[in-house]
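In the two complexes that follow, chain A is the common piece, with chain B as its partner first and chain C second.
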Partner chain A sequence: MVKAGAESSSPSSAPRVFKPQMARGWWLRQRHYFLYIVREFTAVPLALWLLWLLYEIQRASTGPKGYYPPSSPAFVVFSVIVLGFALYHSYTFLSLAGVIINIKLFDKPIPSRVIVLSQFAAWFVASAVIAAVLIGFAR
Partner chain B sequence: MSHDAARKRRPALAHLIWWFLFAQGGVIAAILIPVHVLVQGILGPLGIVPVADRHYDTWIRLLGNPLVKLYLLVLIALPFFHFAHRLRYLLVDLGVPAARTLPAQAVFYGGAVVVTLVTIWVLVTTAPLAFG
Partner chain C sequence: MAEKRITLRTTRFDPDKDKAPRLQSYDIPFSDESMVVLDALNHIKSHVDGSLSYRWSCRMGICGSCGMMVNGIPKLTCNAFLRDYWPRSITVEPLSNFPIVRDLVIDMEDFMHKLKSIKPWIIRKQEYPLGAGEHRQTTDQIDEFRQFSECINCMLCYAACPVYGLNNEFLGPAATALARRYNLDSRDQGIKERLPVIADAEGVWECSFVGECSVVCPKGVDPAKAIQQTKLDTTMRFVLPYGNREE
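Moving on to the complex of A and B:
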């Protein structure tokens, strides 16, 4: 076996550790890098909106007089922005399923296109059911 | 060599749990969140459609259902394990190597655990269980 870089690893010196150097704004240089960071960042608006939902649930414990549902334009604008990030997360995450999920049916792998389509179908069905419950139980 | 073999035999349970929560949280967030934001955050407040959370009595009736409570726990808590993982690595990518450390892991995954506990507390204390 040939040891790569043997000259630098004498017993007396500490092993050299590779430290990747990334310039500060590396993710602004390419569209792909930027979209990757946006994809990871979707967690922030989604987390904020879920915390708002939790607050909305908690406020129902104050009784009928203390309960005011949000209707300010600022809240709607906030939700519109969050919806943009939410749709981007859904699109990227459900598309990834075709790469991640490997299922064989009768010894033949299911094409990734079919898996992605089934994920989007599940998204559509779940959305329809949730919307039906939220709207159907209103008065 | 024996060291490597010993490492191989020990299952990476912690990895399994965190990766499972990361993946499931991602799926839950992808499939369930957009419609909630659209209906409860936009269509409801604008008055385009009637939504259950616009009135106290319809909202509390929905919140009293045990299936709804269980659903809301999954909807709110699980994605935070996904968010914790993503945000920790987002910080690493943006040049904060400290996000790799054990204290950072405790803060991020611990935060997801705290959100889970708070969600359970809110769901249990908000509306009395009502069947039907």
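Moving on to the complex of A and C:
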């Protein structure tokens, strides 16, 4: 990491050492760090959008008269951007499932690729089911 | 034909004179294509400046002593070839995220403390008498933990970990990988003694899966995998009925 500050300590019993500090822009130094920060950041607008959804659900509980879904172009653009973030976050999360999940079948470990593919398949099926339910209600 | 040369910029820090580390340039002959950064440092120490301090031992990627930042990337300098950098200059700095004792030498005390805290040895509730023979393991049982036992404690993973850089209380990649190595060993019965350290807030749960620790590991160990699998295991032990059972 880039050293950003000079901080030395010199306790009488220990040799004096230099303690480096991480620079604020450490995540800009490497592509890997940058993508990690992007991955983590995508959760922020996603959380904001979900908070708005909870608010809308609460308003809808009072009946159709209290429900005014926003339809401004700015909100649509924001929603599309959030959808992109959600897809990227989901992609990174599911791709890492192969590293995390360690399952054995007949005493043999299931290959990471199979686990990742099964995660994506489950994601696709769950999305299709939710879409079908929502479209069914809308009709 | 002019002699091929390469420039090394190395960190210099004398705790008795300097307030902060500085970089010093050395122009040295690049006489052999098989030269590594450690050879260049040895050349400087032998022929240019005998006061340059750094750690090294085996020169063959086994001891894990010569880890340094080479152009900002944690590497074993015995495995970083000059030919991969020439004709550009090479900047050699001490491993990131550790206090600097002198020049390229870091203070390993924190790492040694963390290593000891996870009890990296086989723990038995009751030892068999020697006459009972050896603890036998199948190939599958060895394969469970083998990759995590390849760690040479070079600390490159700690230098690559921004989480450790931001919070030195974090147990870190190598110590967790080693804890997993013993927890997966069929001969070991010490998981309950290690859990308070690895399942702590400053243990595996501090990790946010940057993954760079596994990228820089010179021995192909995957500490990020060890940490994430430990998260899953500790959660299952907590959630499932009888998950916290004695093993």
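Assume the second predicted complex is superposed on the first by the 118 of 139 C-alpha atoms of A that agree within 3 Å, B and C clash if a C-alpha of one lies under 4 Å from a C-alpha of the other, contacts with A are read in each partner's own complex, and residues count from 1 in each chain.
Throughout what follows, a contact is a pair of C-beta atoms (placed from the backbone, for glycine too) under 8 Å apart; a residue touches a chain by one contact, two chains touch by 3 or more.
Note that the structure is a prediction, hence the values are computed from the model and not measured.
One of chain B and chain C touches more residues of chain A, and that partner is B. Legend: residue contacts after superposition of the two complexes on their common chain; A:N102 is shown touching chain C, with no touch to chain B. Legend: residue contacts after superposition of the two complexes on their common chain; A:H32 is shown touching chain C, with no touch to chain B. With both structures placed on the common chain, the touch criterion links A:E40 to chain B and to chain C.
Using the contact criterion defined above for the overlaid structures, shared-chain residue A:M22 touches chain B and also reaches chain C.
After overlaying the two complexes on the shared chain, residue contacts for A:L83 are found with chain B alone; chain C is out of touch.
On chain A, the patch touched by chain B and the patch touched by chain C overlap at residues 22, 27, 40, 100. Here chain C touches chain A in the complex through residues 13, 15-16, 18-21, 72, 96-101, 107, 140, 159, 162, 165-166, 208-212, 215, 222, 224-225, 228-229, 231-232, going by the rule given at the top.
On chain A, the positions that touch chain B within their shared complex are 22, 24, 27, 37, 40-41, 43-44, 46-47, 49-51, 53-54, 56-58, 60-61, 63-64, 67, 69-72, 75-76, 78-80, 82-83, 86-87, 89-90, 93-94, 100, 122-123, 126-127, 130-131, 133-135, 137-139.
Those residues of chain B that touch chain A in the shared complex are 23, 26-27, 29-42, 44-47, 49-63, 72, 75-76, 79-80, 82-83, 86-87, 89-90, 93-95, 115, 118-119, 122-123, 125-127.
Those residues of chain A whose C-beta lies close enough to touch chain C in the complex are 1, 3, 6, 8-9, 15-20, 22, 26-27, 29-30, 32-33, 36, 40, 96, 99-102, 107.
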